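Read from first to last, the chains carry the letters A, B, C and D; within each, the first residue is number 1.
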Amino acid sequence: MTTKTYCWAIIDAIREEMARDDRVLLLGEDVGAAGGAFGASRGLFDTFGPARVRDTPISEEIIVGLGVGAAMTGRRPIVEIMFMDFFGLCLDQIANQAAKTRYLYGGMFSMPLVIRTSVAVEMGIGPHHSQSLESWVGHVPGLKVVMPSTPRDAKGLLKSAIRDEDPVIFIEHLALHRMKEEIEDGEVLIPIGKADIKRPGRDVTVVATGLMVGKALAAAEILAAEGIEIEVIDPRTISPLDIDTILASVAKTNRAIVVTASLKPFGFGSEVAAQIMQHGFFDLDAPVVRLAPPFTPTPFGKGFEDFLNPTADKIVAAVRELLA
Amino acid sequence: MYDAPLDLYARMMLIRACETQLNDVFARNLFPGYIHSYLGQEACAVGVCSLLGDGDKVVSTHRGRGHYLAKGMALRPMMAEMFGRASGICGGRAGEMHAADPAIGVLGGNGIVGAGLPIGAGAALGMQLDGAGAVAVAFFGEGASNNGAFAETLNVAAAWRLPLLLVCENNLYAEMTPFADTVAQPRVAARAAGYGLPGETVDGNDVFAVRDATARALARARAGDGPTLLELETYRWGGHFEGDPKKYRSRDEEAAWKARCPVARLRAVLLAGSDADAARLDAIDAAAEAGVAEAIRFALDSPLPEPERALDHVYAA
Amino acid sequence: MTTKTYCWAIIDAIREEMARDDRVLLLGEDVGAAGGAFGASRGLFDTFGPARVRDTPISEEIIVGLGVGAAMTGRRPIVEIMFMDFFGLCLDQIANQAAKTRYLYGGMFSMPLVIRTSVAVEMGIGPHHSQSLESWVGHVPGLKVVMPSTPRDAKGLLKSAIRDEDPVIFIEHLALHRMKEEIEDGEVLIPIGKADIKRPGRDVTVVATGLMVGKALAAAEILAAEGIEIEVIDPRTISPLDIDTILASVAKTNRAIVVTASLKPFGFGSEVAAQIMQHGFFDLDAPVVRLAPPFTPTPFGKGFEDFLNPTADKIVAAVRELLA
Amino acid sequence: MYDAPLDLYARMMLIRACETQLNDVFARNLFPGYIHSYLGQEACAVGVCSLLGDGDKVVSTHRGRGHYLAKGMALRPMMAEMFGRASGICGGRAGEMHAADPAIGVLGGNGIVGAGLPIGAGAALGMQLDGAGAVAVAFFGEGASNNGAFAETLNVAAAWRLPLLLVCENNLYAEMTPFADTVAQPRVAARAAGYGLPGETVDGNDVFAVRDATARALARARAGDGPTLLELETYRWGGHFEGDPKKYRSRDEEAAWKARCPVARLRAVLLAGSDADAARLDAIDAAAEAGVAEAIRFALDSPLPEPERALDHVYAA
């Protein structure tokens, strides 16, 4: 076991996969000699050289397009879009090209492409560096969408993503970059499409994604002191969603809260609520609660973000209300 | 790869016959959807693709049949794909704007104007990493050259010296809008210099001119000297799609361009040279017509895909 | 009263508003002399001239950006993105710029921008000309999203959109372009944010959008013959959603189906289901049903589309099942 | 609009003082978030904006303070905005990358590289329709010139002869990546020709050279002759943001560029000419320093916005 930060876990995953398979490439802004805008590719340029680790211009559309074309010709590219907020510049390549190529051509092409990106919720950088836009890609068939909440999950999911034959959107949480966890030294592979029960409980099912998982666990501690045991489920994969694990939990708890940094309308909370309703309606004692920031852009500054985003205290309050 | 003038002629005639007969089919209401005709641009596809091997990749557009046939896609499955039949090369699900064939390096058409350019660069990156001297060719229209994707592609291809041919078929119109109305500088090739790659404009209705320019660009690409932007001046005989009343241009202009017919020009050259007599060429024409007619019959006789097939291939099995 | 097609209703709306307010402009591909790729701007170029009706290059990002900048300097632009499938090329200008400008600058700018676009569901044109992507924009605060289902609604909503101080995404349904309706000759203004009960009923609430409204009404006819009266609600505006009208209906019917061309995950059906659950859980006798195409891209050809998309028959079957 | 050399100097010194003192504040951990310093580029903003009236519009970038101050944004509300305070010009919600002031034509910074260019074209369209001779100026970095938005903007602006100045501040780096590593042709102005507008490269550290080029471009724009691309060669003294260790460049390179300090150069010119003596300039310096210090105090003393304000202005009231 070695203690790793979320950031180093990502680097390890890429390094291991690049060493394992020389078809793996890394492309993006500042990913090369600079080691990544957030340090998440440190050392890779030195190890694998400029052919396989390439700095791109600030050209988001072609960054993804390079990945699509390279994947169609036998490579396994990892491309980086620095912030998920920039997806509006490259969503055509993601949603119309990468996502649809296998389908369109009747399975004649594979699309082993990983699109790494970062969400900077809670960093106070303002409206263009704060959006958790998993809904945009979760709505697109052909894509897989992954949001790791711990270093080990990040490593295991990224390695699985790189080996996947389908395009995977890999969403890193900048506010988690320094989080530490012990990770076993051998191969770590976490399956895409499988939720993780981060803490078992019996009273309320709390589904939380990415950065919100830690808050849900903190809320669980507070509530446990009151004798309330929430079950914290981290879906880890947004699409395809492991609804079975969630339903099994709801069958036990009869109550659910979904905590997200993504906004409510058309958000992950709505999707989970709709699916719980569809498959577990008669297990529910109360409506599924969506805990999410209000429907506004994110202004500059931590003060606003603390106000807007779910916190452990807000989760505690929501659980208490749901049980009242 | 095919070099013999008669082979070039045969391939151009195949495209010509295909486009002509599809228009007839369309006029008889037997075609499902839009036809984006390649009529008039045959020398472009054939000039470029005749110099490519199966290992070389081609990225096409919404107006792709010329590229598919010139690159060697088998006629029947290509045709059946256009009609959305189960016997189509993609099972009839890709349709008129989208056929592909990885076996011969056709990476597909595109319904999004300009979107093939970044993908072409990605394929060229694949070829560069393979290191086997193969290239990628991205075809696109002059209308696409106004899209941001074009500029990003020129820049990255040049910066990385990718083995990429950027082939612009400048047929003067993007849908109903004349290219000249949307630009201050109408020479597409002139945009290359700003990004540090060579750009060349050639007569896209002269298959030999297209081949010469392509050969130069291929030599550069295969030698590791990077991409070239080729602008092929040509004309779309039909409307944007069949049925378009073409109000945006004059019948005189159309006649002038038809007088520069790429197929007729090649035929004249062949007849003037010693290669072939009229009978030989007529036989080629007849074979093309017959082959296309047979392929259309094949397509029309093929069943539609079972609708449930729509559920396949969303993800890898 | 005059009978108008959906297409001419749109032209009328633009013409009336351009005549009324010379700050109104129209920009887009082929919108000028050609009168629109689908004929939806016929005559406007001749009437208002090349300064106010402009053909753009195929440059989706700047088409929207021109609208943003012009709106910030006192104009009221209507920009056209030919198909909604192309939103991946301009979503940054839509979601990060148009949507956030007022907010970001504390209300110092208005953004009276209309983004017209078309959805070609059921036209058989394949994966890049078939997507109903209202989720992408419905998820973005600051935007309004409108989907008219009849000529009169199209006219009245478009005129309201042009007069709105906020950016409005106006989604036209190509398959409705030839639909006809009588429209009164005076001013027609339909408020944004207000649902319309297209057919009252008592047994099941059917919420349908755009092209699906007609199918729901056809289903209503079939069901009425069996004595089943469904209430067909057309939200008309996707965001902000008039949930009150839907809830009032569900309070009466206790059962709801949402019929959309948008795909299920993160789709309109999920959002409506989640909101009905949140506010009307105890009114529900059964889970809200989402009727939507399966989670796949759209292949070429009408045969596939008929299979994938909701039809009157499928709605009838869903209603019967819900009442069984 | 300000023409007097001493006014130019005062404005450049104001920016210099602002950037220097903000770095100190940052070093003392009193700044909330990132600082994208404008240090070293003062002549660009002042050279261009000194020729603009309040009716002319400016679209800025993530590195915008120089533009704001040069265009005349009041110092205290600008500064308070940087600190995210309620007394900021946008109520403290826009922050370090985003201030705007419609009263003087500042249409805002941008967190999305390149996104200001299309908006600038839209503002220029607004000015063209107003017909009053006003122009729009879009500032951007050389890194942004690799984005598709840049090309689309050049093309539309030229095709429509928009009264737009495209001002590229080429400071050689985009974040940690040298511009030269991402292009085959590093002269940004050379991209103009392909789109049919004039492009000019000038010394961005010489405020008079910047003004001369701007004056030419403005004359063209105001006369209805369309846009100009100006490339101003300059250097970002700091890192991409404060705290960036700048491993991607040498201290020698930095020293060489600091030797070309735009403020010192103007000062030398002024001292060599008859306009001013050192005491007068020192007084200007002191006033700038004092004003900035006062503005920073104002900002730090101002309350943060009430968090509930986050719920305002999503839609028009």
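Convention: contacts are C-beta pairs under 8 Å (C-beta built on N, C-alpha and C of every residue); 3 or more make two chains touch, one makes a residue touch a chain.
It should be emphasised that the depicted structure is a prediction, and the values quoted were computed from it without experimental measurement.
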item: Chains touching both chain A and chain C; value: B, D
item: Most distant chain from chain C, judged by the mean position of its C-alpha atoms; value: D
item: Chain B-chain D separation of Cα centroids, rounded to whole Å; value: 45
item: Cα-centroid distance, chain B relative to chain C, in whole angstrom; value: 36
item: Between chain D and chain C, distance of the C-alpha-averaged centres to the nearest whole Å; value: 40
item: Residues within chain C bordering two or more other chains; value: 56-57, 59, 61, 85-86, 89, 92-93, 96, 103-104, 126-128, 141-142, 295-297, 299
item: In chain D, residues with contacts to at least two other chains; value: 93-94, 98, 110-112, 146-149, 152, 155, 159, 181-183, 314
item: Category of the chain touch graph - line, ring, star, complete, other; value: complete
item: Chain C to chain A touching residues, read off their complex; value: 61, 85-96, 99-100, 103-104, 126-128, 133, 135-136, 138-139, 141-142, 239, 241, 262-271, 273-275, 277-278, 281, 284, 286-290, 295-297, 299
item: Residue ranges of chain A in contact with chain D within the complex; value: 29-30, 32-34, 37, 55-61, 85-86, 89, 123-129, 294-297, 299-304, 306-308
item: For the chain B and chain C complex, residues of the former touching the latter; value: 32-34, 84, 92-98, 110-114, 143-144, 146-148, 174-177, 181-183, 247-248, 304-305, 307-311, 314
item: List of chain D residues in touch with chain C within their complex; value: 57, 59, 90-91, 93-94, 98, 100-102, 107-108, 110-112, 115, 117-127, 129-130, 136, 148-149, 152-153, 155-156, 159-160, 312-317
item: Of all residues in chain C, those that touch chain D in their complex; value: 25, 51-52, 54, 56-57, 59, 61-62, 64-75, 77, 92-93, 96-97, 101-110, 141-142, 144, 164-166, 240
